[in-house]
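The two complexes that follow have chain A in common; it is paired with chain B in the first and with chain C in the second.
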Partner chain A sequence: MKSIKNFFCSIGRFFKDFGVAVVKGDIWVKLSLLIMGAGYFGRKQYVKGVLMTALQAVIIAFTVLFGLPYIGKFDTLGDVQRESVYDPALRKNVVNDYDHSFKILLFGLISIIVIIVAVVIWIRNVVSVRKLQVLAENGKHINTFREDVREFRNGKFHITLLSLPVSGIVCFTIVPLLVIILVAFTSYNKTHMPPAELFTWVGFDNFEKMFSSSLTTTFNYSFGKVLSWTLIWAVAATATTYIGGILLSMFLNNSKTKLPKMWRTFFVIAIAVPQFVSLLLVRNFFADMGIVNTICNNLGITDFLKEIGWVRSSLDHIPFLTDPTWAKFTIIIINIWVGVPYLMLIATGVLMNIPTDLTEAARIDGANGFQIFRKITMPYMLFVTGPYLVTQFVGNINNFNVIYLLTNDVYITLDQKLANSTATEVDLLVTWLFKLTQNDYNYNMASVIGIMVFIICAVFTLVAFNFMIKGDREEDFQ
Partner chain B sequence: MKKKLLATLLAVALMATSLVGCGGKDDEGSKDSGNAGNTTNDGGSSDAGDTTPSGEKEDVALVMWGAEEHQTMLRTMADEFIAAYADQANITIDLGVQSEAGTKDTILTDPTAAADVFAFADDQINELVANKCLQPVVENTDAIIAANSAASIDAATVDGTLYAYPMTASNGYFMYYNKEYFTEEDVKTLDGMIAAAEAAGKQISMTVNDGWYLYSFFAGAGLTVGLEADGVTNYCTWNATDTAITGVDVANALLDICAKPGFAVLSDAEFATGVKDGSIIAGVNGTWNATTAQDAWGDNYAAVKLPTYTVAGQQAQMCSFAGFKLVGVSAYSEQPYWAMMLAEWITNETNQATRFDLTGEGPSNVNIAGTDKVLSAPAIAALASQASYATAQRVGGNYWSPAQTFGQNMADGNPNGEDLQTLLDTMVEGITAPVQ
Partner chain C sequence: MSRRVMKRIVNPIIRHAVLLFLSVVWLVPIVWLVCTSFSDYPGINIRTFLPEGWTFKNYTLLFSDPDSVANFPKWFMNTFIIAIFTCLISSSFVLMVSYATSCMRFKMRKPLMNIAIILNLFPGFLTMIAIYFILKELNLTNSHLGLILVYAGSSGLGYLVAKGFFDTIPSSLRESARIEGASEDQIFLKIVIPMSKPIIVYTVINSFLAPWMDFVMAKLVLNSGLSKDWTVAIGLYNMLGKTLINSYFARFCAGGVLVSIPISVLFIIMQKFYVEGITGGAVKG
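This part shows the complex of A and B:
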C-alpha cells in the first residue's frame, strides 16, 4: 500500500516541480519550453545546450518524418490494400502505395513511446533548468560540462550503469511484449495477413470469442479441458519431481548407501543429455509398437492389464502415449525421470545444511526417522526451496518440451469436439497455443491465450510467494 | 573506483554482446529478404524503371527453394538456365532447402521473405493464393497449359487463373502389394485383399487415421468435401442422411474393415518397418514408400489402382486425392519475369524427363508421361489407372484435425461407443467451421 502511495506522490511531485518551474522560472527557463537547450545557454553551459537542442531536433525530425505517418494510421491500422499488377513491358510488378498493418502497429507504437519519452525529457529538462536558475540566483557554483560528465562516474554512477541494460530491456522486452499484447485486440490471423491483407482493431472481440465458443465451434469447451489438465499437470509434475528428488537425495545421503558419488554421477548424466534427445528416445520406447510394449507383451503384462480392464481388449499393446488416461500417467512418470536429478542436486545441498544438532536433539527425544523427516527436514526444505518450487510450478504450466516432444504426431485425440479446435487431452495451454499459431496462423487468439497464461501464472506466483515464503518465518529455523 | 570501472566495462560488454547478437540476426534477416528480392514495402509504389527489357544485360539474382534430396539436380538445372540465358542477363541463382510439404508454412510466416521460385505440393495452393503469395503465370501461359496434363493444370489453377507450373503428377496414393500373396482377382476388392492377407497370416495397411487417406472411403461413397468460394472454408456432406450411401453407412464400413485382423492402421514409418520385416504385404501409400516396398519384395512388387470396398451391401470404388508437385513464383519477387522463366525452365519437358530418370517421380508433361519408359514404371501406371477416381486436393486447414480424430475413432472401433451420426455431425461441424 505504502509503495503505491509513494508512487503516486512521486508522480504528483514530478508535475508540481514542472508547474513551479514554469511559473517561477525566468526568461531562460520559459525559453527552454520552446528550445530545450536555451536554459543551459543562459547559464553558459554551451555544450549541454547544444546537446539538448540537437536531441530535440532529432526527436522532432523523427516524429515528423517517421512517426506521424504511422501514428496517423494507428487508429485504423491502414486502409489501402496491396494491389500488384504484372506489367509485361517492364517485366515487373507494379505495386500500389499500400498500408502494411503490422508495420503501422509496430512503428506506430514505437513512435508513441518515443513521444512519451520525449515529453518526460522535456518536462525534466525544464525542471533542471529551473534548478540551475535557483543555483545561479543563490550565487552557487554551476557545474561545467566536464564536471557534469564526472558526476556520472560518481554521484550518478547508477544511471551510467543502468542506462544500457534498461534501454536493452525496453527495446528487446517491453516493446515486443506491448506489440504482442496489442495483437490480442486486432483481427491479425490467417485471413488478415499483411502485406497482402489489412487487419484492424476489434476491441475485446477476441476475448469475447474465447469465452463464448464462437471462434471454433468448440473453443470454449477445449479451453476448459486444456486449462484443467494444465493445472493438474503443473501440480502433479511439480509435486512428484520435488518429493522424488528429496527422497532420492536422502537415499544417497544415507550413511548406509554404498558408492553415493557413483550413483549421484549417474543421475547427473541424465541432466547432461539434452532433454529433447532423451524425450524423443523415450517416446519411441513407449510407442504402440515400441520396445516397452514388446517386452510387456512377452512378459504377459499386456494380457494381465487387459484382464483387469486397464487396457481395452481390442488392443494388442498398452497405449502408453495414445490413450488419454494412460498418456497422462506416462507423461508425468517420464517427467519424474527427467526432472528428479535437478531436484536431487538441490536437495543434496540443502540437506547437508540442516544443523545436525536439530536432528540429534530430536532423536534423543525419541523421534523416529519419519517424524524427523516430517517435522524437521520437510519444513526446512520447503523454507529454503520455496521460491524454486514456485518458479518450478510456473515453469511446468509452460512446460512445452515434455508435452510437445512426447505427444506430437503420436497422440491422436478421440474427442471429436477437441479435434475441432486442434486440441488434445494432453495439450497444455502453451502447446495448444503453439499449434494454433503454427498451424493456423491464429495470431490474435494465440495472443489472447498468451495473456490468459500470463494472468494465471502471475496470480499463482503472487499468491504462492505471499503464503509460502513470508520473510518473517526465518526464526523458525534458528 | 577500479571496481566501478570494472562494473561499467562489464555492463557495456554485456550490452554489446546482446546488441551484437541481435545485429547478427538482423543482418541475416536483411540478407535473406535481400536475396528473396522483396519489393520495397512501406514506400510501396512501383520500383520499376531502372531496368529495361531489352538493351543492356541486366543483373538478375534469384533464390530457388527445393527439397533437400533434389539440390544437386536443381543446381544442374539452374546452371543450364544461367547458360541458356547468358546473352540476355547476368543471372545468379542461390538454392535453398525447403521440403515441398512444408513450403506453405515457411512462406506464410513471412511472405516477403519467400524465395523467388519454390516447389510445393498442390494441396497448399489455395492458402498460398488466398494470402496472395503466388505470382499468376503470365509469361508463355498457353504453352505451359498445352504441355502439361489437364489434371495437373487444373491443380495449379485457382478461379481460372494459372498460379503455378506443374512439375510432377505422382504425388497421390495407390495400392501396392506383394504378388506372392495376392492374385490379380484379389486386388480388385479390399475384402479380397484382407481375406488373402488373413489366409497368409499377414496384414495390409492403410492410414485411416489421416484425413488424406480417410477421404478415399467417403469420396468412394459419393460424399463430398471441398472448398467454398472464399478459398479457406470447407463444405462437407460426410454426415449426409439422404444419400444412397449415408455417412453412417461409410462409418460402419470403416468399423468393419478396421476390426478385421488382416487390416492394420499404420503410420508411414510403421508401414515401412512392416514392409521390411514382412508382416505387411500390401498397403495404400505413395511413391515415397514405393522404393522400400520394391527393395523388400523385389520382382514380386506390383502396384494397382485402389480396390473397391463394401459399403451398405454394395461395392464402391475407393477414390483418392491426386497429388501434384508444383513450382510457384513469389508474388513479392523483384524479378518476376526471370523467376517465371526459371520456374518454366525447371518444369519444362527436358527437365521433367531428367527428374523422372533421377528421382522416379511421374512427370505431368504429356509428352514425357506418354513414353514407354514412364508407362512401364508400376507406380506411375497404377496412378494413371487411379486417375479417373482421383480429384485434386481442395480442402482448407480445418479439415485435417477433425478428420484425423474421426479416422482414429474408426480405427479403434469407436471405443467410447458414441452414436455414429453424432460423431459425423461433430466432425462435419469442425471441418466446415468458418475460418476467421
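This part shows the complex of A and C:
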C-alpha cells in the first residue's frame, strides 16, 4: 500500500514541479516550452542546447513522418485490403497500397510509446531549465558541458550502467509483451493473416470464446482439461523433486556415507547433459518400440501388467508415452530424474549452512534423528528455500522443455474435442500456446492463454509471498 | 554383541547399495547415450541395451561427411559464435544491472526492481511470438544476429543472483574509496569487479551455456530449413524426425556426446556458484 501511495505522490510531485517551473520561469524557461534547447542557450550551455534541440527535431520528424500514419489507423488496424491487379501498361501484377494490420499494431504501439517518452522528456527538460535559472539567480556555478559528461561517470553513473540493459528489456520484453496483450483483443488468426487479410479489434470476444461452450469451438473444454493437468503437474513435479532432492542430499551428506563427492558427481553428470539431448534420448528409451519395452517384454512385465489390467490386452507393449494415463505418469517420473539432482545441489548447500549448534543442542536434549529432522532441519529448509519453492512452482507451470521434448510428435490424442483446438491430454498451457501459434496460426487465442498463465502465476506468487511474510520467522534461525 | 556387529557391517552395505542403485538409475540413459554413439547400427537398436557391434564411424561421419541433414561442424561453429557474442553482451548487462541495483542508491531503484519482478512472471514463450514478428519486420529472422539479440536483449532481468553477491561486499569499502576521491566508475571497474571473480565466472558460464541449451527460440528464429544456418540443438532435434531417425540415431548420440562434454565440464565448474546464488539470494530476500 505504501509503495502505491509513494508512486502517486511522486507522479503528483512531477507535475507540480512542472507547473511551478512554467509559472515562475523566466523568458528562457518559457521559450524552452517551444524549443527544448532554448533554456540552455540562455545559460551559455551551447552544446547541450544544440543536442536537446536536435533530439526534439528527431522526435518531431519521427512522429510526423513515421508515427502519425500508423497511429491514425490504430483504431481500426487498417481498412484497405491487399489487392493485386494486372496492369496492362506495365504487363505485370501491381499490388495496391494496402494496410498491414500487424505493422499498424506494432509500429502504432511503438510510436505511442515514443510520444509518451517524449512528453516526459519535455516536462523534465523544462524542470531542469528552471533549476538552471534558480542556480543562475543565486549566483551558483553552472556546469560546463564537460562537467555534465563527467557527471555520468560519477553521480549519475547508475544511468550509464542501466540505460543499455533497460532499453534491451524494453525492446525485447516490454514491447513484445504489450503487443501480445493487444493481440488477445484482435481477430489475428489463420483466416486473418496479414498481409493478405486484415484483422481488427474484437474486444473480449476471444476471452468469451475461451470460456463459453459452443458447437463449433472446443476451447472451453480443452482449457479446463489442460489447466487441471497443468496444476496437477506443477504440484506433483515441484513436490516430488523437492522431497526427493532433500532426501537424496541428506543421504549423501550423512557422515556414514563414504565418498560423498563421487556419488554427487554421478547425479550431476545426469543433469549436465543438455536437456534436448537427454530428454530426446529418454523419449526413445521409453518409445513403444523402444529398448525399455523390449526388456519389459523379455522379463514378462508387459504380460503381468496386462493381467492386472493396467495395459490393454490388445497392445503388445507398454504405452509409456502414448496412453494418456501412462504418459502423465511417465512424464512425472522422468521429471524426477531431471529435477532431483538440482534440488540435491541446492539442499546440500542449505544443509551445510544449518547452524550445527542447533542440532547439537537438540541431540544433547535427547532428540532422535527423526525429531531433529522434523523440528529443525525441515523448518529451516522450508524457510531458506521458500522463495525458491515458489519460483520452482511457477517454473513448472511454464515447464516447456520437459513436456514438449518428451511428447511432441510422439503423443497423439484420441480425444476429438481436444484435437479440434490443437491440444492434447499431456499439454501444459504453455505448450498448448506454442502449438496454437506454430501449427494453427491461432495467435489471438494463444495470447489469451498467455494472459491466463500470467494471471495464474501472478496470483499464486502474490498469495505465496504474502503467506510467507505473515509467517515470517526470520529471528528463529538467526 | 553379534547384533552390534551386524548393525555395523550391514547398515553401511545397505546404505551404499541403495546409493549404487540410485546412481545406476540416473546414469543408465547417459551410458546408453555413450554406448549407442559407438554402435555400428545407424538406427535405434531395440533388441539389446548394448550395441551389437562397436565402431568410431559415427564420430568420423559427423565431421568428414557433412550432408544436408547433418552438418555438425557448421552447427558447432554457429552455436559457438552465437554463444560468444551472447555471453559478452549478457554478462556485461547482468553485471551492470546488478551492480547498479545493489550498490547505488537512486530514486527509481525500487520501482525498477518491482517492474522486473512482474516482468519475470510472464511466461517467456508469450513474448517469443511477438519477438519473432518484430524480428521479421526488421528482417532479422534466419540471421544469427537476430538470435544473439534475442538471447542477450533482455538478459538484464536475470540480475538477482549477481545482485545477491554484490550485496555481500561491505559498503565501507566503497565508502573509503569515495573519500580517497575515486569516482563511481572507478569504484565499479577497479575495486568491485576485481573482487567479484566467482560471480563473474558464474555469469559468464551461465550466459555462454544458454545458446547451447536453448532449443525453442532457435527453432523459431532460424526456421529457413537450411541446415547450414542451424545451431546444434535444432540440428540434433531434426535428426530425430520420423523419416530420419532410423538412419541418424547413432549419429545423434555421437553429436549429443560431443556437445555434452564441454557443457558438462562448464556446468560442473558452475554448480557450486549455482547453489550459492540461489540460497544466498533467498536468505536476503
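Quick note on the criterion: the second predicted complex is superposed on the first by the 461 of 478 C-alpha atoms of A that agree within 3 Å, B and C clash if a C-alpha of one lies under 4 Å from a C-alpha of the other, contacts with A are read in each partner's own complex, and residues count from 1 in each chain.
What we mean here is this: contacts are C-beta pairs under 8 Å (C-beta built on N, C-alpha and C of every residue); 3 or more make two chains touch, one makes a residue touch a chain.
What you are looking at is a predicted structure, and each value in this text was computed from that prediction instead of being measured.
Trainee: Counting residues of chain A touched by each partner, does chain B or chain C come out ahead?
Mentor: Of chain B and chain C, more residues of chain A lie in contact with C.
Trainee: Output check: A:D440 vs chain B and chain C. Expected answer is one of first, second, both, neither. What do you get?
Mentor: Only chain B; A:D440 stays clear of chain C.
Trainee: Quick one: classify A:I346 as touching chain B (first), chain C (second), both or neither.
Mentor: After superposing on A, A:I346 lies in contact with chain C but is clear of chain B.
Trainee: Is A:M289 touching the first partner chain B, the second partner chain C, both, or neither of them?
Mentor: Both partners.
Trainee: A:P165 contacts which: chain B (first), chain C (second), both, neither?
Mentor: In the superposition, A:P165 touches chain B and chain C alike.
Trainee: Which holds for A:F14: it touches chain B only (first), chain C only (second), both, or neither?
Mentor: Touch status of A:F14: no partner.
Trainee: Counting only touches as set out at the top, which of chain B and chain C does A:Y98 meet: first, second, both, neither?
Mentor: Only chain B; A:Y98 stays clear of chain C.
Trainee: According to the stated criteria, A:V453 is in contact with first (chain B), second (chain C), both, or neither; which is it?
Mentor: In the superposition, A:V453 contacts chain C only.
Trainee: Return first, second, both or neither, reflecting whether A:F157 touches chain B, chain C, both chains, or no partner chain.
Mentor: both
Trainee: Please identify the positions on chain A that touch both chain B and chain C, taking each partner from its own complex.
Mentor: Touching chain B in the first complex and chain C in the second, residues 103, 153, 157, 160-162, 164-165, 168, 172, 289 of chain A appear in both lists.
Trainee: What residues of chain C sit close enough to touch chain A in their complex?
Mentor: On the chain C side, the touching residues are 11-12, 15-16, 18-19, 22-23, 25-27, 29-30, 32-33, 44-49, 93-94, 96-97, 99-100, 104, 106-107, 109-112, 114, 116, 118-119, 121-131, 133-134, 137, 149-150, 152-157, 183-185, 188, 212-213, 215-216, 233, 236-237, 240-242, 245, 249, 252-253, 256, 259-260, 263-264, 267-268, 271, 274-276, 278-279, 281-283, 285.
Trainee: Using the touch rule from the top, collect the residues of chain B that touch chain A in their complex.
Mentor: Its residues touching chain A are 4, 7-8, 11-12, 14-15, 18-19, 22, 39, 41-49, 51, 53, 105, 108, 111-112, 127, 130-133, 135-136, 138-139, 209, 232, 259, 270, 273, 331-333, 335-338, 397-398, 401-402, 404-406, 408-409, 412-413, 415-416, 418, 423, 426-427, 429-430, 433, 435-436.
Trainee: Sort out for me which residues of chain A touch chain C in the complex.
Mentor: Interface residues on chain A, with respect to chain C: 3, 7, 10, 102-103, 106, 150, 153-155, 157-158, 160-162, 164-166, 168-169, 171-177, 179-180, 183, 248, 251-252, 254, 256-258, 263, 265-278, 280-282, 284-285, 287, 289-291, 293-295, 337, 341, 345-346, 348-350, 353, 384-388, 394, 397-398, 400-401, 404-405, 409, 430, 433-434, 437, 443, 446-447, 450, 453-454, 457-458, 461.
Trainee: Give the list of chain A residues in touch with chain B in this complex.
Mentor: Interface residues on the chain A side: 82, 84, 86-98, 100, 103, 153, 157, 160-162, 164-165, 168, 172, 189-191, 193, 195-197, 215-218, 289, 312, 314, 412-422, 438-441.
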